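Starting off with a structure, shown below.
Each chain carries a letter (A, B, C and D) given by its place in the written order, and its residues are counted from 1.
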Amino acid sequence: MTLVFSNLRKQYGANVAINDVSTAFEAGMIHGVIGPNGAGKSTLINMTAGSYTVSAGSISLDGRRLDGMKKYEIANAGIARTYQNIRLFDQMTAIENLEVCAYPSEVNHTWREVFWPPYGRARAKARRESCMEILQFFGLERYADVEAGSLPYGRQRMLEIARALAMKPRVLLLDEPAAGLNHHETAELTAKLAELRSPDRIILVVEHDMDLVMTLCDRIVVMHHGKLLFQGSPSEVQASSDVQLAYLGTDNDIDDIRAAAQDRRAQLGIRARQRS
Amino acid sequence: MLGTLIQQTVNALTIGSIYALIALGYTMVYGVLRMINFAHGEMFMLGAYAAFFGLTLVVGEIGSAGAFALTLAFFGAVVAIGFFGVGVERLAYKPLRNSTRLAPMLSSLGVSLTLVTGIQILAGPQPMMFPSFFPTTRYDFMGGTITSVQIGILVAAFLLMFALYTLVNRSRMGIIVRAVSESRPTAQLLGINVNLAISAVFFSGPLLGAAGGILYASYYGIMSPTMGAVIGLKAFTAAILGGIGSIPGAMLGAYILAFVEVGGTALLPVVTNGVLGTEYRDVLSFVILILVLLVKPAGLLGEPVSEESMVYKREF
Amino acid sequence: MSSAITSPSAKTQALRLTAFLVLTAMVALIVATPFLPNYYIRVANSLLIYILLGIGLNIVIGYAGLLDLGFVAFYAVGAYTYALLASPQLDLHLPFLVIVCIAAFLGMITGVLLGIPVLKLRGDYLAIVTLGFGEIIRIVINNVDWLTGGPKGIARLDKASILGVDLARPVEIYWLLLVTVLGVGLFVWRLERSILGKAWAAIREDQDAARGIGINTTTAKLAAFATSATIGSIAGTIFAASQRFVSPESFSLQESVLIVLMIVIGGIGNILGIAAGAAILILLPEMLRELAEWRILFLGILMVVLIIVRPAGIVPRSFGPEKLIRGLFGK
Amino acid sequence: MKLAATLCLGVALIASPSLAEEISIGIAGPLSGPQAYFGKTWHNGFQLYIDKLNAAGGVNGVTVKVNQQDDKADPREGTLVAQKFCDDESVVIGLVNFNSGVAQSTLPIYEDCTLPTMSFGSNPDLTKQGYKFMVRPVANDLAGALLPAEYALQKLGAKTAVIVNDKQVFGQGISEIFGKNFTAGGGKLLDTLAIAPTDVDFTSVLAQIKAKSPDVIYVGAVMPQLALFAKQMHEQGVKATLMVPDGGYTPDFISQAGEANVQGTMVAIQVPPMDASPAISEFAKLYKEKFGEEAGPYSIYGYVQGQILEGILKSTKGLSREEMNEALHAVKVDTAVGTLEFDDIGELKVAPSFLYKVEGKDFKLVSSK
């Protein structure tokens, strides 16, 4: 199973955000996408998930074109994502956030569920059980019946990943999963994500936290100014002089500050408008 | 034919100017609070009543009011309603600022009901005569007729809108208001006094609305407690048509709506060969609104909202 | 957390008592109403119709989070369906149940037809466009005189009857409405708990994220619109059958706004809340009828106060029928 | 729980006994909302006469209590009020519903509980449905629109007319009848234009009319639209004779439109001239004294209904609803607007009709029927 970007391009007017990116992501691995702010990392995720349209080039999963599909169709094709600014269903309980992911496969039985109570009860029970397993995996089972919006920030991050998993995805796109987490939580997250590595799943992580990326990822894609700068294993990336120059080099300090500022904003729960 | 055309154009411009004054209030409030203020039409009504009773209080008999007294009444009333608007915001909307979006909207419905009924009880439910703020003279012009009152309304409305536009774009307060409209949380982070901006909006919106109300009442020579409801709905439609949140959009929407209404009255029976009469005028307005929104979902001059930049996840 | 752990039984006890009191009061009222003078039965009928409308509109507003200000259009569709098919107007006199089915179907179709063009729009734009549709339908009804009688309306509608039993006296209409409200309420309650109901909630909370988990928001919203329209149309049919006269003034914008207010003041997304909201907005003005316009003033002020004190409504979303029943049996 | 309290309270109220020598009259109309003005001033007119009656010790010792209710001009609220009157046994006559639309939904209820009513709605259909317990003490639209059409054709020599109506029951009904009479008499109807009942701006409609230059414009609407129309018509330079129904027969019409703008306007109403009858001038004087404002356009009808009630109380055999109904149908009474009696379907036997022309600040009688 492979997710392929070929000659991918995104532009807003004259501003080119993604410029001719071609690469492939194999199943069974965790892929990291790194790069300075504005390099186009999140844009890649947003295009893959159908939040942004593709200006040119294509995205395909096992030969099936994803670009041009509607957002929900992409999700149903097996692409699940999390968001940079957490987007849970705040007034639904934690477990409902997961249960609702069964919608595409079960909606056709709605009438049976409504008019035939035994069937409804059986479905509800089955849904709850399978979702409870996922919650348990993330250590969230005691929050199952708590409203998602009232969970602590770190739990919300976890819950969002749990929701993505409840979609039984083939591709998991994580947009800065460690943003706003403290060291302890980041370590916990890293461990959980490592367990998610599976031969029939592609995992893509966009992240600023270098420790997390370097420990977790099997392969890293480095973006710079909308272009693909380098790809390879963590050690190769660390060894690459190009990457050092462009990313880990002189700009490093300022980026740390930016990343920290971004995390702080996320912590405050602000969903500020962003001009792309 | 040309006479009719000129006539209808002047009519549309007059009505459009009044719609615009009110639509501005809707759009500014929406800009800073993302709230539909259903009580805004009542500011329009209160403006007329305030001017009328202010005048009665000062001069005693309306008929004897001189130009000075009328001017004084006009400005006194609009400023009073401006402060009243700020007070209403403090009492009825501010406690709900961090609540759902539906809550302040429905609170404003309650305010609207209270104000209309309050005036009905205080001043009586009957329509009342309103003194004309301009002496009425008719000018015949290429077969069309223009009255001095119409000219007065056009001039006054243009001046007010120009003043607002200048304030918003040039003054410090205008910059603050625009910053808050752009993003309230960011403005807050930057240390901008958000409350001040909101108060400014709730002062100037009702002020313009009240001015519209006085012009309107003196144009038609009449005021009634329910006059705000109908015109408020139309102005709101205009604001949405132009793209709610956008100040030029509100003005554009108002004039377009006025031209659609006038054009509908004039042309519907002709175009449909009598099948649809003038009674379908409002249907035409709404159909045009819907068509515009289908092509431009955020109105004519509104900024489209991209999903990643949604300020609010929940729409209500 | 810790304070809750100290006295769980006290909390359960309190809940059980509340549940018991609320349920007893409701049952007592339902049973007592038919024995009251006709005026009270008529008031109860009015209340039940608004509860039915509230249940219908709540699907769109409370569950799916779409602000629909033109709900009254569907109410009008149902009412005029009955008026045209059971009156001297077209000299048609179909049986009540047949008309209910036709009206439900027409309501659903109208819901879908109105839904398709507007569901792309967000929040406030959706509100004004639905409002526009409501007004369009009212204006059209007011003007196609040859069919609807125009402003004069349609009078002398047939008495409703089911299987030979007349449904015309206030108490008969009361039973009809009660059965309908309970049936529809149960249906909607189960619908809310189904997977579709959960999808509506997700759309309400964050429709882009809902798309992101694979929900076709267009069809889910259309389903909400259609279900709500069907219920509104059924309510209209019963309204026409009980009033035996319909005219456009019953379907004004104010009615739509009233139903929205009812839902929000009572407790959005909750059937018990709708009943509470209807009680305040329909019963209270009726109780204060002698005060003429003062009652409206009072209502306006009360609205503002209630919304400020309880922005999420009198009955919280979580305090639904389920909680009531569970509370009673201490589960 | 609130509900329970209400209901208990209500039961207690109903059970309270009423005085034997006092009857209640239920009167329902819009007391809140946009039409509150009409309902209120109409009710005031009635109250005025009843107060006079009670102050004089009632009729044969029977005093009258007024049970005033707000129907908000809404058929649904109307039915609740109707049931309330029905359930209250002390109510023996209902003066009901300013709006024909509301009356359509309440009359069946009154019929069921045998409560006699004097209906205010002027739509001709109301009396054609076989109700045994209703009369209409006001002229219906058929009478109201005949005289102006005849006068326009015969006295003004008008050949063409344009009709404007507000698409409400009254406005549309009466203007259609005017149109029929006008064309039946040989006139030509150039156009019928509709306005919304909430409109205040008629300039665009007037521009349409101006292009057609009719001899007569008939406006089927109510105040204040009539005044606004007259004012704008003059301002826009439309030259035609304006004819309006009874709503215009009020000093407000002249003052709100502006004296100069309504000169020559014709108003049709069933009320004889104020100076022709001392009763009417007395009414106008009393009203102003009591309520501190000029009488509303329909206040005189309320006053007349009080006079009819007095007539009934004088002639009735007893105070039961049935007996009152008989007396109501058989009554023949001199009122401020002339002698009134009802035919077997409850319409006025002779519906007087008068046509006035605005001259200066006054309405001058030009024709009657």
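Here are a few things to note about the model shown:
In this section, a residue touches a chain if its C-beta (ideal position, glycine included) is under 8 Å from a C-beta of that chain, and two chains touch if they have at least 3 such contacts.
All values reported here derive from a predicted model rather than from experimental measurement.
The minimum number of touch steps separating subunit B from subunit D is 1.
Among the chains, the centre nearest to the mean of all shown protein C-alpha atoms is found for C. Centre-to-centre spacing of subunit A and subunit C amounts to 41 Å, using the average Cα coordinate of each chain. Work out the mean CA point of subunit C and of subunit D, and you get 36 Å between them.
Between subunit A and subunit B the centroid-to-centroid distance comes to 46 Å (mean Cα coordinates, whole Å). Centre to centre, using the average C-alpha position, subunit A and subunit D are separated by 71 Å.
Counting partners per residue, subunit D has 32, 36, 167, 194 as the residues that reach two or more other chains. Multi-chain contact residues of subunit B (touching two or more other chains) are listed as 117, 120, 125, 277, 279, 282, 307, 310, 313-314. Across the assembly, subunit C contributes 142-143, 204-206, 208-209, 293, 296 as residues in contact with two or more other chains.
On the subunit D side of its complex with subunit C, the touching residues are 1-4, 6-7, 9-11, 14, 31-32, 36, 68-70, 73-76, 79-81, 83-84, 86-87, 99-101, 104-105, 108, 123, 125, 129, 167-169, 172-173, 194.
The touching residues of subunit B, when paired with subunit C in their complex, are 30, 36, 91-92, 95-96, 99-103, 106-107, 109-115, 117-118, 120-121, 125, 233, 236-237, 240, 244, 277, 279-280, 282-283, 286-287, 289-290, 293-294, 297-299, 305, 307, 310, 313-316. Partner subunit A is touched in their complex by these residues of subunit C: 187, 190-191, 193-196, 198-199, 201-202, 204-206, 208-217, 220, 317.
If you check the complex, the residues on subunit D that touch subunit B are 32-34, 36-37, 40-41, 167, 191-196, 198, 200-201, 203-205, 207-208, 210-211, 223-224, 227-228, 231-232, 235-237, 252, 255-258, 293, 296. Subunit C makes touch with subunit D in their complex at residues 21, 25, 28-29, 32-33, 36-40, 42-43, 46, 142-143, 150-153, 155-156, 170, 239, 243-245, 247, 249-250, 279, 283-284, 286-287, 289, 292-293, 295-296.
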